[in-house]
Each structure stands twice: as C-alpha cells, then as structure tokens.
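Take this structure, written in structure tokens, and hold onto it; I'll ask about it next.
Lettered A, B, C and D in written order, each chain numbered from 1.
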Amino acid sequence: MGTNTISEPLPVDREHALFLFREMLRIRRFEEKAAEMYTLQKIHGFLHLYIGEEATGVGAMQAFTPDDAIVATYREHGHALARGMPASALMAEMYGKATGCSHGHGGSMHFFDASRRFYGGYAIVGGGLPIAVGLALADKMQDRKRVTACFFGDGAVAEGEFHESMNLAALWKLPVVFLCENNLYAMGTALARHQSQINISLKAQSYGMDSSSVDGMDVLAVEAAAKQAAAFVRSGNGPFLLELRTYRFRAHSMSDPDLYRTKEEIEEWKKRDPISLFEVRLRDWGLLAESDVAHIESEITAEIDSAVRFAETSPVEPVEDLLKDVCARVKP
Amino acid sequence: MGTNTISEPLPVDREHALFLFREMLRIRRFEEKAAEMYTLQKIHGFLHLYIGEEATGVGAMQAFTPDDAIVATYREHGHALARGMPASALMAEMYGKATGCSHGHGGSMHFFDASRRFYGGYAIVGGGLPIAVGLALADKMQDRKRVTACFFGDGAVAEGEFHESMNLAALWKLPVVFLCENNLYAMGTALARHQSQINISLKAQSYGMDSSSVDGMDVLAVEAAAKQAAAFVRSGNGPFLLELRTYRFRAHSMSDPDLYRTKEEIEEWKKRDPISLFEVRLRDWGLLAESDVAHIESEITAEIDSAVRFAETSPVEPVEDLLKDVCARVKP
Amino acid sequence: MTYREAVRAALRKALRSDPRVFLMGEDVGRYGGSFAVSHGLLDEFGPERIRDTPLSESVFVGAGIGAALGGMRPIVEIMTVNFSMLAMDQILNNAATLRHMSGGQFGVPLVVRIATGGGRQMAAQHSHSLEVWYAHIPGIKVLTPATVADAYGMLLAALQEPDPVFIFEHATLYPLEGEIEETAELIDLNRAAVRRPGRDVTLITYGGTLGKTLQAAEHLAGEAIDAEVIDLRSLRPLDTSTIMDSVAKTHRAVIVDESWRTGSFAAEVSAQIMELAFDNLDAPVARVCSAEVPMPYAKHLEAATLPQVEGIVNAARGLVPRHG
Amino acid sequence: MTYREAVRAALRKALRSDPRVFLMGEDVGRYGGSFAVSHGLLDEFGPERIRDTPLSESVFVGAGIGAALGGMRPIVEIMTVNFSMLAMDQILNNAATLRHMSGGQFGVPLVVRIATGGGRQMAAQHSHSLEVWYAHIPGIKVLTPATVADAYGMLLAALQEPDPVFIFEHATLYPLEGEIEETAELIDLNRAAVRRPGRDVTLITYGGTLGKTLQAAEHLAGEAIDAEVIDLRSLRPLDTSTIMDSVAKTHRAVIVDESWRTGSFAAEVSAQIMELAFDNLDAPVARVCSAEVPMPYAKHLEAATLPQVEGIVNAARGLVPRHG
C-alpha cells in the first residue's frame, strides 16, 4: 500500500487515469503487433518503434484540442493513435493498402489525417519544424486561437532547421508548442556525441523563448507540463519549448543491430517503463484492479486483431491511379 | 589635452598605434576609391563597402599569425587588406583582370590568397562557417597549433549553417575563432527584426561555447578581445565566439537605396567613426602629430593610385582559358 | 510598364483581392526587395502581409508550405536561385510530396518567386540557372515568364493553382519594358507561345534568353533564314504539342537555354523532339547553353560563358544548309 | 565479396595507406553505418578517423570541404540522397566553385559517398535518384559504381582526384556478390564499360539499373535481339565515345535511368546521341525512366514507378522492328 492516505486527494480521477493507461497500452500492443507483422513481412520499409516513449505522446496529446494541429516524425505511431486515428487505418497504411491513412503511399513513416489535423509523419529529421511554424503563422494571421504541436527528437536539435524554426517562431510570436522527445540517442549517436550542450531546454534562451523539461516516463507529469506549455502558447505569449526526457526500449528501427548501447543501460531504463510505473501508482491509489487490466488488455487485443484483419482484407490502390495524387486534378 | 598623464603608461606604443591607424585609413581610402571606380563603371557586380567597420577587421586581424587561416564574407576588402593582400591585386580583381587576387573570376565578393591562407570571400550568407570548421578540423587532426578566424555578420546568425557550425566546432573542440561583425543590419533588416534574441554572444551558451562582446568602434578594445579569444582557442580550449559591435556607414551595397534607417541614426554613429575616435585618442596621447597624418595620407594615396594604375593597365585573362580552372589539369 | 512593375502590379492586385495572400522573404519590406520588386507594398499592406524574414531560407520556405496547408495563400520570394539550395529540402521533400504522400488529403497552394540567371557580373554564387532542377520534380509547376505580360499574368494565374508553383524571374528582365493585359480570365499556364512565326528552323527558349533568341531570328532573317521562335513559358508541365507542331513544319530545331549544357532543360526538349518528331527531323536538334564553368566575374568571361546571339545564329545556320 | 564489403575494403585500404584519409558522417562509427558499410572500422581506426557527426548535413559536408582545403583527404558519407538537399548549398556554391572562383589557387580533394535509389519501400523521402542534378554541376566528378569491382576501385581512384568526387551507391546493390581486382594501378574513371556486347540495339544505363538492363538483354536474346549493354560508370565526365561507337554499330539505343523522366540523365544522353550520331540512328532513342511521382510506399506502386525488365524489353523491341 502506498504513501497516499485518504486525506490527500489523488492527482487524477479514475476515469482519466484509466484512459491514459489504456492509451499507452494500446500503443504498446499496437507496435508489438506491427513488429510481429514486420518479421512476417507483411510490413516493409522502415519501421521505427515508440515502445518506451508512450508517456510522452499520450501525456502531451492531452494538452491539445481537435482544433489544434499536430506535426510529428517518422516515429509517429503513438502520436497518431493518441490523436484518435483508428488503429485499422494505421495498420492498413503499413500494409500498403488503399484503406490506409495515407492510401498506402506513406507507410509507417508518413501517417496523415486531415480530419484530425494530423499533418504527418516527416522523415527528414528536422523537416517538420518549418511546417509547424507555417501552420502557426496561418493561425496567427487568421486570428485563430488554436496552436500547433510539433514533435521531434533530440537528434533534430542539431539540424539547421531547428535553429531557423525556433528563431522565426519566437521572433513572430507564433503559437507553436515545440515538443522535443529526448530519448538520448539519434540513431546510434548518444546525446553527448551530437550536442555540445546536452541541456536541450536551455537552448530556448538563444531565442528568448520560454522552455521547460519534464520526466517523460511519468505520464501525469508530461500531461501537466504539456498543458502548461499549451496554455502559455494559447494565450498569445509566443512559442514554448518542452523537453520530454524519455528512452527508446527497442532498436532505432527494425534494421538496427543496436550495437551502440549496453543491455544494462536498456534494462536500467526498463525499470522506469512508463506503463508499469503508472500501473503501480494506479494500483497504489486503488484506481486499478487486476480485473481492470485484464479487461483493458482484452479490449485492446480485440481492437488490434480487427485492425490486422482490416489491413489483411483491404484492397490495394489500383496501379492505374499511380499518378492520381501527384497534382490536384481539379482546381479547388 | 586628455585624461592620461605622464605617470600612467599608454595602452599602446607609438609604432603599433600608427600601424593600426594607417591600416584603418588604408581600408577607408581604398574603399572610397573603389566606390568612385564603381560609379565610373570600372567595377561592376556587387560592391559591399566596409566603411565604418574598419576597427573590427584591423583590430581582430592582429590576433592571427601568418599560419592561421582566415575565412571572410563578401564584405571582405578590409579583411584582405588587413591580412596583407596587396591593394593592387584587390583593385585588379574588381576590375576583372588576370592579375587580380582571384584572376578576375571572383570580383569584390570573392577575394582569395593561398599564400596568406586567405580562404575567401563567401557570398552565401553563413556559407563560410562550415568551411572554417573544416579548416580547423584539419589542423586539429594534424596536430597543428594554428587557428582559423571566421568572420561573418549578424544576419548570418539566423542561418542554419551558423547553428550547425557552432555545435560541431564546440562538440569537437575545434580551433575556430568565430568573429561576428554585428553592424545591426542584415541588408535592410534590423537586428531586432531578424533575431528573437538580439544578444548574439549569449547564443554561445546553447553550445557550451565561451563568448564575449566588444565595442567594434574601438580598435584597441577589439585587438585586445581578439587576442584573448585567439589565445583561448590556441591553447586547446575549443572555439570561441566574439561579437564585434559596429555599424555600416554606407549602404549595404552600391545598389541599396538605404530606405530602412534614418539619416539621424547614421549621423549618430558617424560620431563614433573608428578612425576619428582613434585619431583623437592618439593625438590626446601625443602619439600622432598633424604631420604624421598628412604623411600617412600621402603614402596611402600613392599606394592606392598605383593600385588603380596597376588595375587599369593589367591584362584580362584570355577567353581561351575560360575552362582552365574548373577542374585541376594535372593530378597533384 | 517594366517587368519589375508588372510583378509588383500583380502582387498588389493579389494582395488587394485576396486576404489570404501575403508576401514573405528577405528584405521584401523595409528594403523594398533586393530587385525593388516589392517597393511600396509595405506601406500599402503593412508588416503582417509584407513580411521581412531573417536569413533563413529553409524555414521561410517551409513556413510558406505550412501556411499554405493552414489556409493562407503565401507568396515566398527567394532573392537568388543559388540561395534556394538552402531550401531544397523543404521544396523537394515536403512541398512536392505532401499531396501524394498524404494520399491526396493535403495540398500546398504555395507560390515561390525566385530571381535567376547571369549577365550582371555577380559571379559564381549569384548567377546560375537551375530551373531544370525544379522542372525535374513531380508535384510542382515551374514557370519562366519572359515578357512583361507574362510576369503579370503568370503570377496571378499561379495564385489560383492548388499545387506549389515556382516562378523564375530572370534578373536581367526587370527593366524590360512592355504591356500587360488587364483581362478578367486567367492566362493559360500550360501553353508555350510562338513569339515569332517562321518556316525554316525552330528556335526554342525560355526566360532570360528569349530576347537574344528573337535578335538571332532577326539576324537570320537577314540571311533569308526564316526562324520560328518558341517561348516555352512553363517548363513543368511542358507544352510538347506546340514544339512538335513547329518542328513538323521546320524540320529542325535549336534550343537556347542559359543553364549549363550537361543535364540542361535543353537536353529534355531535345530528347522529347527525338521521341516525338524523329521522322520530321532533317537535322539533329542543336543546343546553345552556358559553358560549363562556375560563373566568372569578369565581363568578357561571363559573356563568353552565357549563350549569345552569335552562337544562336551559328547553331541555326549550321542546321539549315542541310535543308533541300 | 559483396558490394557493401567492397566499399568497406576500399575504405579500410585507404585508411591504412593514407593518414590524411578519414570517414565522417551520421552513424558511420558506433552504429556501423546505416547500411553497415563502415561496420568494424571504428574499432580498427578509432573515433578520430571514423567520425560520427550530429544530424547536420550542411556543416559536415562543408567541414569536409574545409578539411580538404586544409590538407586532409576526407570521405563524407550522406545516408540517403534526399538528405543531401540539406547540403546542396555547400556542394553547389562552395565545393564546385572554389577552384575556379579562387583563380585556381585552391582545390577541394573531397570524396562524398551517397546512398541513392528506390526499391526498398522507403517511400517519398528516402528513395529518389538525383544523380542527374549532380552531373549538371561543373567542377565535380560524379561516379555511379554498378559492380562490386567498381564499388572498390572507384572509391580508391576517387581518393586520388584533386577535385570533389561524388560517388552514388544504389542501396539495392549492397548485398550484390562479385569480385574485386587487387591491382596496383588505379582504374580509369573516365571510361564507360560495355557489360554485354551486341549488334542490334544499345542499352545504356548506370548504377542500380544495370542488373535489370542485363536481364532485359538476356530476355531479348531469347527473341533473337542482340542487345549491347553499356554501363556509363561516370556521369561527369561522360564517356561519349563508347556510347557513339556502340550506336554507330547498332543504330538504335534505349537509355535506362531510375530518375524521373523529365530532366533525367537519360535526356542528356539522348540529346548527345542526337548531336553526335544522328546520321547513324535508324530509330529514335528511347528512355525508360521512373514514373513522375514521389516514391510511393506500397510494393506494387513502387514497382510500377521504377524501371523494370519488361519495360526495357518493350522499349528495345519497339525500336528493332523498324530495322531492315
């Protein structure tokens, strides 16, 4: 039994707590299935798993409304699911089917969903930041109160596009929440081998931008920090840089031999698995029973199995349509 | 008569003082002549004058030995002269003659001199910084004790290449002295309109790099600061960012209508003309007599007149040699 | 009115008629534009719609893409095509791919204006013609207005396109005098124009070399060689039928293109004539391009690098003797 | 030995024999190279000579240029040609211009290795073939090793060049098996190779499509069409004489090129055949290129985008009937 006593109120209500727990678990199970399907050669190309980082995407996404815009990277399964994109459309995309969220044109790295203002899936590291700046510029010029959430990794911080985007967003006070998912590695290159200054949130100073860092393994802490950042940006103070400190449990991609870090290091971090950590706290607080977990697991299994069935049985886009989406057919 | 009394030693000896004074004046007169020749259509293309900024180039150049490397921008007449390149070769270059320092291939923006390790003359803003980083990398890998001086403007600070270069130089502790000549404008865009954080030396923090700022109108202060920076870098501490605060008295280039700043602002700054300021102090200190100035002026006039004669009478490169320097003719 | 004024007039008209339109780039505002194209627009439309950017080609082009995704109608100005290399990632990997990559869910109605070309002694970092690289990219349109009327009309038409349009303004054209047509309907971006009809040889060009090509045609007329001059106007899409109709008539063609010869757009046109009009050819298609050298500063060297009237005349002459 | 091992063997040999040589790029060290090309080199040569860089394409390519100016012999690896867009400024405006711009005072002995091409379902930001853009640039050399022997020999020869050399390694070739020749003298970088002699039609290609082209030739042989296959090997400089000699014999040619059709390198080759061998042609030169679409992810769509054996065979067949 834990430190909390009846006297102190819990930091989260049961419904929301179970929701966050379920969201993280959905992502975990979805990606485990994706990895399985990759080894079965149902999925090809690059597959970058988010396993271990679920708390950052799930926690952060709570700060954004359906009106807000999301810009992500090639490691975006978690963001897409947390944004509400159906698992079936994502699985079908990775199968290269016409029913995929990008009609099979993008695959794992390029998820899109106009109806949810999910602007993609950018696989040129740093390439999504200028897009986010532009989306925010459009909102500002049209006096919309919405914000743009821009996710990127620690490796992207070294790119010139990070610097140019931070400066322009701050200079023009644009409503962008920059969310750096610092998992300590850019592929095989450790943070200290690609950043001369490893404190990423400190870099906001160069742009007169506000920033903060948070434990990316604690979903409640991430949610709180992201809501603060989003509120700051929403009320017209300009952009904000939030560093989410996390860790990637799996290899960079399915083709990564993972030679650059020790098993011990990975095991150490797994002790801070965001899902287990949260599960323990919820049990601690008496918000989660054994039966709840079993129930959630079975619902998720059902959802993912049907996503796989959907992907398996969906048609592919006819080859005749190869050039259909290169340019618009009719002017808008 | 000034604040100094015989009791206190002067900060500079007469010979060196006259040298610095002469160097600044040479640049001023050289550029006045270049502007004249431009209006006479002897010189074409872009011509960017350094007038007003002479103390930064002259002061900074004192910190570097012939073994060190220099990387500059399209506004490099002052740096080239201060580095010891003959006025005749520079004037001939602007005339497009074969005797020019770049054989007439480069013009005003692209001065080069291998014998003085003057690596150019880069006209893509920010484009010289990666080159400087590479020169320093070569020195470090070959255990040479020399450093690379990299001059650039405040506008370059917004470019991604600045960010990438600062990070890599600091990460690998490379011997680069980054010299930012902050003249408060990038063409017609004032510092506060292109930088969200206008304190440029502060930006070094993002890279864990040491930095400082100095009054770029005070040649002795610049010299001292540059020598400090160079010594720091030379002794293996990695790169250093030195911000030189100055002002451009002339338009950005000969084709600039100069609509973006007031005459008053310019006049205010002209009161801090680095050459007059220094002249007053030297007289003050009793290091400079009326006759010295007249003598120096006449020597400079003679040098520049002969540079013009040289340029006028020099041959152009034969058209048959057009492709001669595209690739090396023989392997080294 | 000059070419410069025509572009400005089109900008002004677009800014007045569509609140979504704005202009963004280096020194487009207070400075008045490095080629004075946007002079005066800041006063009329204010800093929200005439945006001076920092020196950050990648982000201001990328922000143009994002703003277009967000419902605006951005016009981005890149001072010189050499600088556009710094934005090439955003152009190739984002602007051109987003519609297809998203399965048609997103479009990027962005217009980018880029000054291009040599002839002003700007040397090796300010003088090239890289239109052919842009024309290689599926998903975008590439326009090369060579007349005052096109400078005006193409910009307005480009602003109605649902996909990214890149407009190349050859820097030597800005002082060019001409007329614009104030018509309600938009001009057709997909058609090349026959600028001079002729029977003996087809001279095909675009952008900055149209003037030299027309001069060459006049000169050839003096030698009783009747040259037809085609201005491609758009490199992507390319109007092949106008080219092939002309070649079917003249049976010979010279392509004049300021870009370096190897991998020039002239090569593409030559290859297409080969593929579509081989049996109509009485002589091999010739190319007049720039010499393969980074642009030299010296006037005589730059002149020797660029296509010139004499070279065009000689190339045409070289084909015609084979005739009849 | 595989193509991957051949590149590694050349790297190892160069690193052992020349202290000025070093390798720099993203994840070339601890990760072992994104295509495992440099696997093991960090252990043998250490982090000073096998340098993992931050994600900063512009500065690590620019630093390669600077290090070359400073007396080193850098080999820079760019993971994928699409990423090289981020370094295009350094490549076009600095690497290619410095020798000429400086009046011949400076040279840039830099080697850049770039993985290129499609066929692995990497979609629209990892799969293109932009060799033609590089081949357009004066002042550099552009190599496209298509065999294991060339993967080895060309890298070693490139390291003796006084100017920048860009080597494009098609990512599908890394597992290719073959032999390398351990010769003292360097291989000739300026000659194309006839990979299969033939009389009826010349199939011209380079890089990743050599294999498909040879398969097509075998297939054509079954139809009694004797195809000659030319591997260009170097796109800049281009060995036109080998091409023209072959066309003089076969009188017809098909160019196979994985890049997008418009502005492809195939267009340049076609234009040159037009200019240098027009009278030898019995049929228009044909091109087999990639469809003009950002590379789709789905296997069947990617296959439909890329040149395939069947398309090459059809193109060749289309020319030969005209014969005799």
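Odds and ends about this structure:
What we mean here is this: contacts are C-beta pairs under 8 Å (C-beta built on N, C-alpha and C of every residue); 3 or more make two chains touch, one makes a residue touch a chain.
Here the structure is a predicted model, which means the values were calculated and not measured.
Chain centres here are C-alpha means, and the one lying farthest from chain C is A. Per-chain Cα centroids separate chain A from chain D by 37 Å.
One simple way to say how far apart two chains are is to compare their mean CA positions; for chain C and chain D this gives 29 Å.
Averaging C-alpha coordinates per chain places the centre of chain A 41 Å away from that of chain C. Once the centre of each chain is set as its mean CA position, chain A and chain B turn out to be 47 Å apart. Among all residues of chain A, those that touch two or more other chains are 102, 104-106, 110, 122, 124, 127, 158-161, 164, 167-168, 171, 193-195, 326. Shared interface positions of chain D, defined as residues touching 2 or more other chains, are 53-54, 56, 58, 82-83, 86, 89, 93, 100-101, 123-125, 138-139, 292-294, 296.
Interchain contacts join each chain to each other chain, per the touch definition above. Of all the residues in chain C, the ones that touch chain A in their complex are 22, 48, 53-54, 56, 58-72, 74, 89-90, 93-94, 98-107, 109, 138-139, 141, 160-163.
Considering their complex, residues 158-164, 166-168, 170-171, 193-197, 202-203, 205-209 of chain A touch chain B. Contact residues of chain B toward chain D in the complex are 69, 100-106, 110, 112-114, 119-122, 124, 127, 129-139, 141-142, 160-161, 164-165, 167-168, 171, 324-328, 331-332.
Interface of chain A with chain D (complex): residues 44-46, 96-97, 102, 104-107, 109-110, 122-127, 155-156, 158-161, 186-190, 193-195, 252, 256-257, 259-260, 316-317, 319, 322-323, 326.
Contact residues of chain D toward chain C in the complex are 58, 82-83, 85-86, 88-89, 91-93, 96-97, 100-101, 123-125, 128, 132-133, 135-139, 236, 238, 259-260, 262-268, 270-271, 274-275, 278, 281, 283-287, 292-294, 296.
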